[in-house]
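Chain lettering (A, B, C and D) follows the sequence in which the chains are written, and residue indices restart at 1 in each chain.
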Amino acid sequence: MLSFAATVLLDGVSYGMVLFLISVGLTITMGLMRVVNLAHGSFAMIGGYTAGYLTQKGVNFYFALVCAAAVAGALGGIAELTVYRPLYRKGELSQVLLTIGLVFVVTAVATEMFGAFPYPMVFPDYLAQPVNIGFRTYPAYRLFLIAVGAVVAAVMWYLIDNSLYGAKLRAAVDNSKIARCVGMNVNILFTGTFIIGCALAGLGGAVGAQILSLEPSYALKYVVLFLVVVIVGGEGSFKGSFIAAIALGIIDTLGKYFVTQAAPYLLYAAVFVLLLWRPQGLMPSKAAG
Amino acid sequence: MTALNRDEPVAAPPATSFGAMTSGRSWLALVGHALPWAIIIVFYFMAGGYLSLGTQVLIWILFALSLDLALGYAGIVTLGQAAFFGLGAYAAGLFAIHVSPDPILGHIAAVLIAGLFGLVTGAMILHTTGVTFLMLTLAIVSILFEYANQARSLTGGDDGLQGVKIDPIFGMFEFNIFGETAYVYAAVVLFIWFLISWRIVHSPFGRSLDGIRQNARRMRAIGTPVWWRLLAVYTLSAAMAGSAGALSAHATRFVGLSVLSLLTSGIVTVMLILGGTRRLYGAFVGAAVYYLVQDATARISPYFWEFVVGLMLIATVLFLEGGLLDLGRVGRRLFDRLRRRPDPT
Amino acid sequence: MKKWLAGLSAVGALVTAIGSAHADVVKVGLIADFTGAFATWGTQFQQAVDAYQAVNGKSVKGPDGKEHEIQFIYRDNASAGPDKTKQLAEELVLREKVKFLAGFDLSPHAMAVADIATQAKIPVVIMNAATASITRGSPYYVRVSMTIPQHVVSLAKWAYDNGIRKVYTIVSDYAPGYDAENYFNKTFKALGGEIVGSARTPQQETNYAAYMEKVLQAKPDALYMFQPAGSPSIAFVKSYVERGLKTAGIKLIGTGETQQLFLPNFTDDVIGVVTAFHYTETNTNPENIALKSQLVKMFGDKAVPDIASVAAWDGTKLIYQAVKELGPNADGAKYVDFMKGKKLDSPRGPIMIDPAERDVIQNIYIRRVEKRDGKLVNIDIGQVDMVKDPWKIDNPPKSN
Amino acid sequence: MSAAPVLSVRGLCKNFGALIVAQAIDVDLFAGARVGLIGPNGAGKTTFVNLLTGFLHPDAGTITLDGLSIETMVAERRVHHGLARTHQINTLLVEMTVRDNVAIAIAEREKFAWRMMRYKPQWRACLEEAQTRLDQIGIGAIGDRIVRELPYGQQRLLEIAIALALKPRVLLLDEPAAGVPSAETHHIHDVLSKLPKDIAILIIEHDMDVIFRFAQEIIVLVQGRVLRRGVPAEIATDPEVRAVYLGRTVV
């Protein structure tokens, strides 16, 4: 029984970590820039494809991950400077539409380049094998996911709480107007944060490729999932999204385990109720509240 | 008063300055009104095998029109419009199967059900705004979709609703594969809804909606019950979308799961934005153009149309907020600027 | 990119294009998804048709001794709903005056054209849509592809004959999945086997960890999967190995998941999976050789034939023979009558059109995935001869 | 002047977390009253207006309008009971014409703004009344202009015009001249001086000259508390008030 609980926990957390890795960028950018960025998943996908392509070409796995983050981040930066900038002043609608447009374009290009089929990603053998973790054998890959997620979370945590960058970030999230007034160069902060967010998404897309499999429809397919994490966690709330992601992962796993006749609308129903109860999410950042 | 009358160049009045369209003073406005309907009528005789394609366009125009009321005029940013379209479609289909094959009755039933659903959900979520509201609408449409997918016995799941039989309208005009009936039926329904919408958006009610979109706080300060007004238009728009859904169910004698998909919401929004919001005719242009582009590009290369639609969206948001119907004004402004530029000698 | 731009210029022409039916041209309207999630079906259909026409010429000599061109007109369902299918079909029938309709990758799409086929008396050659009941929808339906029960029943039999007694089934949560689950369980129980557990997974599921845990605890001899080709089935197999089911000695059996077309996307985990299917890409039938070589010749080494290619090949062949026999302007019903009971040498092996049900009767091959000179391939390890769709046997047509 | 106050506020309290913005405020406004509300920035003046008009809800206290207690009422209902306001920062329908801005307010006042059908004559009447009201405050010439294109001063006047169009019995003016170039302020003051005599008016203003010219009574608000109240003369000479305005904190 205990081992079962542990297994469910591991499964849930590892899944949640993927969601967290990809969503954390979104939550910060949405909290910071107030942009409903439905295209965020595209950057995760770009990272995934990059890593997939490289690993298939025999490039070292970890180097491939770095590249994935780099490429996603770079493209993110370009996108921020070109199409996102004008969005900051516009309403949700424009933001939704433009980012959906972006998704379409990326999807089309991805299909032209990599085909409509799911794109395989080569993991090092020691990750592909189950390992013995005392009470049972367990996929090394999922342990790896948890490790990566934990590291990133820790680093983010430190950055946001203890660094000047973090301080600026929190200030700007709480009130970008004031941040501007006190002469903080918000533009650079925005671009930088956006790049980091996309890079993380790229990383998440790459390492998570086995759970959220790579295909052109990726961005559209999972965007709701990412949004749920962000909104439920509370826009701009880093801790909130972490909790939301892990919770989502565990709930999802439990659901599959006990309600084998999957009822997918339960997730949405839950979100619906929660948002009516706490329209600002679990942990609203001051600005949102 | 001189001090206050610092005169500034009067730009072309935006679509929301009333009287601009109400008083069809310029013959141009009249042509503008006649043209779309003339095209719809002419198409009927020219279409040949493309008539059912035309019917589809008409249905999507009505759908986009319903969105224009909520999103365009009242500024309710929703991604859940497909919920009403789909509900209307399934209602009409199931009504035909289980209750009565009469199209008119079925249509009315569908409109009522969709409207009621709009009323209930609207009452639940309309106090929220922005992203939260967006997510709530998204959740609603997703819930319906998943439910319809699961309730196979009722909806046929992803096989769609089979065996919908519809009586001839007034017992005279039967729905056949040539689709004349469906086309005229759709055109008439569209026209009725258009008249209603036209009346509404130029009524005090419509103006107050426009006010709410521009500045809800101001409207409360003059005593507007904002929530009630929004609820009213949301319900109306839902009923209209339901009507469009009923049309599609009757026209194709089939209801597919896709009517409830998020993509359907997305597409109708794209159409509206493409054509231009707060003009009513924007829906016409948007739906037609969208279908044309999709039809044309899809034949060239897989994914090409997705690519193009994506670009169109980005371009519209960045450079053409008024939608295609705004091209004229944008062009004029550009032209003026070019003309004003002093020649470089 | 380039071809897109080139295409742009063609748009205008296409839009205004008006199909006019010449007397000696037999038009066949092929509707399938060429874009969106199911895009591969359309391309596979089209390539096979082109291949067939390249081998057998674009025209047939009719009974009147004249050469009649067989012209295929392709319409993209764009992975949109059946309402779109319906509209395309009407357009093809009324505008293009097609004599046959063909294609249809998804069942709902095929079902949606029943009215049109019946009202306009147009034979519909179904090249995939595998829901058993479809062919009852209109007397003009003729199916050359398969039905799910055909596979599943054969698989269940094979499993029992090979000493498997306890099976856990996991199917995808949509219509074909239900058919699969239903027929596997029924057949296997009837033989005396035991179903120790069943689960249904969301259609686009890719995270199977929890399900595998349950299977592991149920300790069956084999795990039967019915998962959509592509990411779900790949993730499924991955998870099956990861979770140590393979090492626990639980066999993985399925039907369409391991088609040659998809194998490159799998890792070696998939080796040893046993499936029952109506087409083994590696078979050496002359027709299959012809199809494969022609595809490679026309579309390069990457072109791999699959059930779509095979069905399109056979469907085209059927239409050619019908026109050859009855000429270009016969009544739709006549064409259908001709096709009833027809026997064909298909790349998959011998097939026959059920005279009563207008549905395909064919061998089902049991294959195991193995690695031959560095490539994952399906190897036949057995076959069930001339399987008639079990659903039809269970649901005899109501006499009305 | 009638005995009973049109608007009477008792023990009004409000705080945001630790920050106290209204502390047991009592105010009475009689018909035709002209009361000035002054105080340093952050004293809670605008908050007080928001509490009265229902854009904020008090933690404690009662607000009575013509004997009807309205503190639980939503903002829009209070308007219909005769309580109108202007905003410190222009809050207008910037995409509409000036006339439409006023006409809509009139439509709401006349309770037919929900009409979808059969509205033509009433609406015409609204437009006409709107025009006359614009004329009255001297901006009739710009009735057809889009608000967004107007200079700030004219927008301030429009704020007042809209409030007046609601035929209020109590009018709360939140710094009507704020942000207007001093060269233009006199127009606004003209308008203020011509406001209907029977309306009870509470005005927030920083410009002391205006206040002392306009108000019969002045209330000094500091940190959400009424520090002093009295006729302008007293207030002007009150040392504590001076202290506040010199920025020294009051114990």
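Keep in mind that, in the parts below, a residue touches a chain if its C-beta (ideal position, glycine included) is under 8 Å from a C-beta of that chain, and two chains touch if they have at least 3 such contacts.
Since we're looking at a predicted model, the values are computed, not measured.
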item: Starting at subunit A, fewest touch steps before arriving at subunit D; value: 2
item: Between A-B and A-C, the pair joined by more C-beta contacts; value: A-B
item: Most distant chain from subunit A, judged by the mean position of its C-alpha atoms; value: D
item: Most centrally placed chain - per-chain CA mean versus overall CA mean; value: B
item: Separation of mean Cα positions, subunit D and subunit C [Å, integer]; value: 74
item: Whole-Å gap between the CA centroids of subunit A and subunit C; value: 37
item: Between subunit B and subunit A, distance of the C-alpha-averaged centres to the nearest whole Å; value: 33
item: Subunit B and subunit D, separation of their C-alpha mean positions in angstrom; value: 41
item: Subunit A residues counted as touching two or more neighbouring chains; value: 111-112, 116, 264
item: Contacts with two or more other chains, residues of subunit C listed in rising order; value: 39, 173
item: In subunit D, residues with contacts to at least two other chains; value: none
item: Chains touching one another, given as label pairs in label order; value: A-B, A-C, B-C, B-D
item: Complex contact set, residues of subunit C against subunit A; value: 1, 37, 39-40, 173, 198-202, 204-207, 209-211, 213-214, 230-231, 234-235, 238, 241-244, 247, 262, 264-267, 269
item: Subunit C-touching residues of subunit B, taken from the complex the two chains share; value: 48-53, 55-56, 149-150, 152, 157-160, 162, 176-179, 248, 252-254, 256-259, 292, 294-307
item: Contact set on subunit A toward subunit B in their complex; value: 30, 36, 83, 86-87, 90-94, 96-98, 100-109, 111-112, 116, 216, 220, 224, 227-228, 231, 235, 263-265, 268-269, 271-272, 275-276, 279-280
item: List of subunit D residues in touch with subunit B within their complex; value: 53, 55, 75-77, 79-80, 84-85, 87, 91-97, 100, 104-105, 107-109, 112-117, 119, 122-123, 126, 138-139, 141-142, 145-146, 149, 151, 153-154, 157, 162, 165-166, 183-184, 187
item: Subunit D contact footprint on subunit B (complex, rising order); value: 1, 3-6, 8, 10-11, 13-14, 16-18, 199-200, 203-208, 210-211, 214-215, 217-226, 228-229, 232
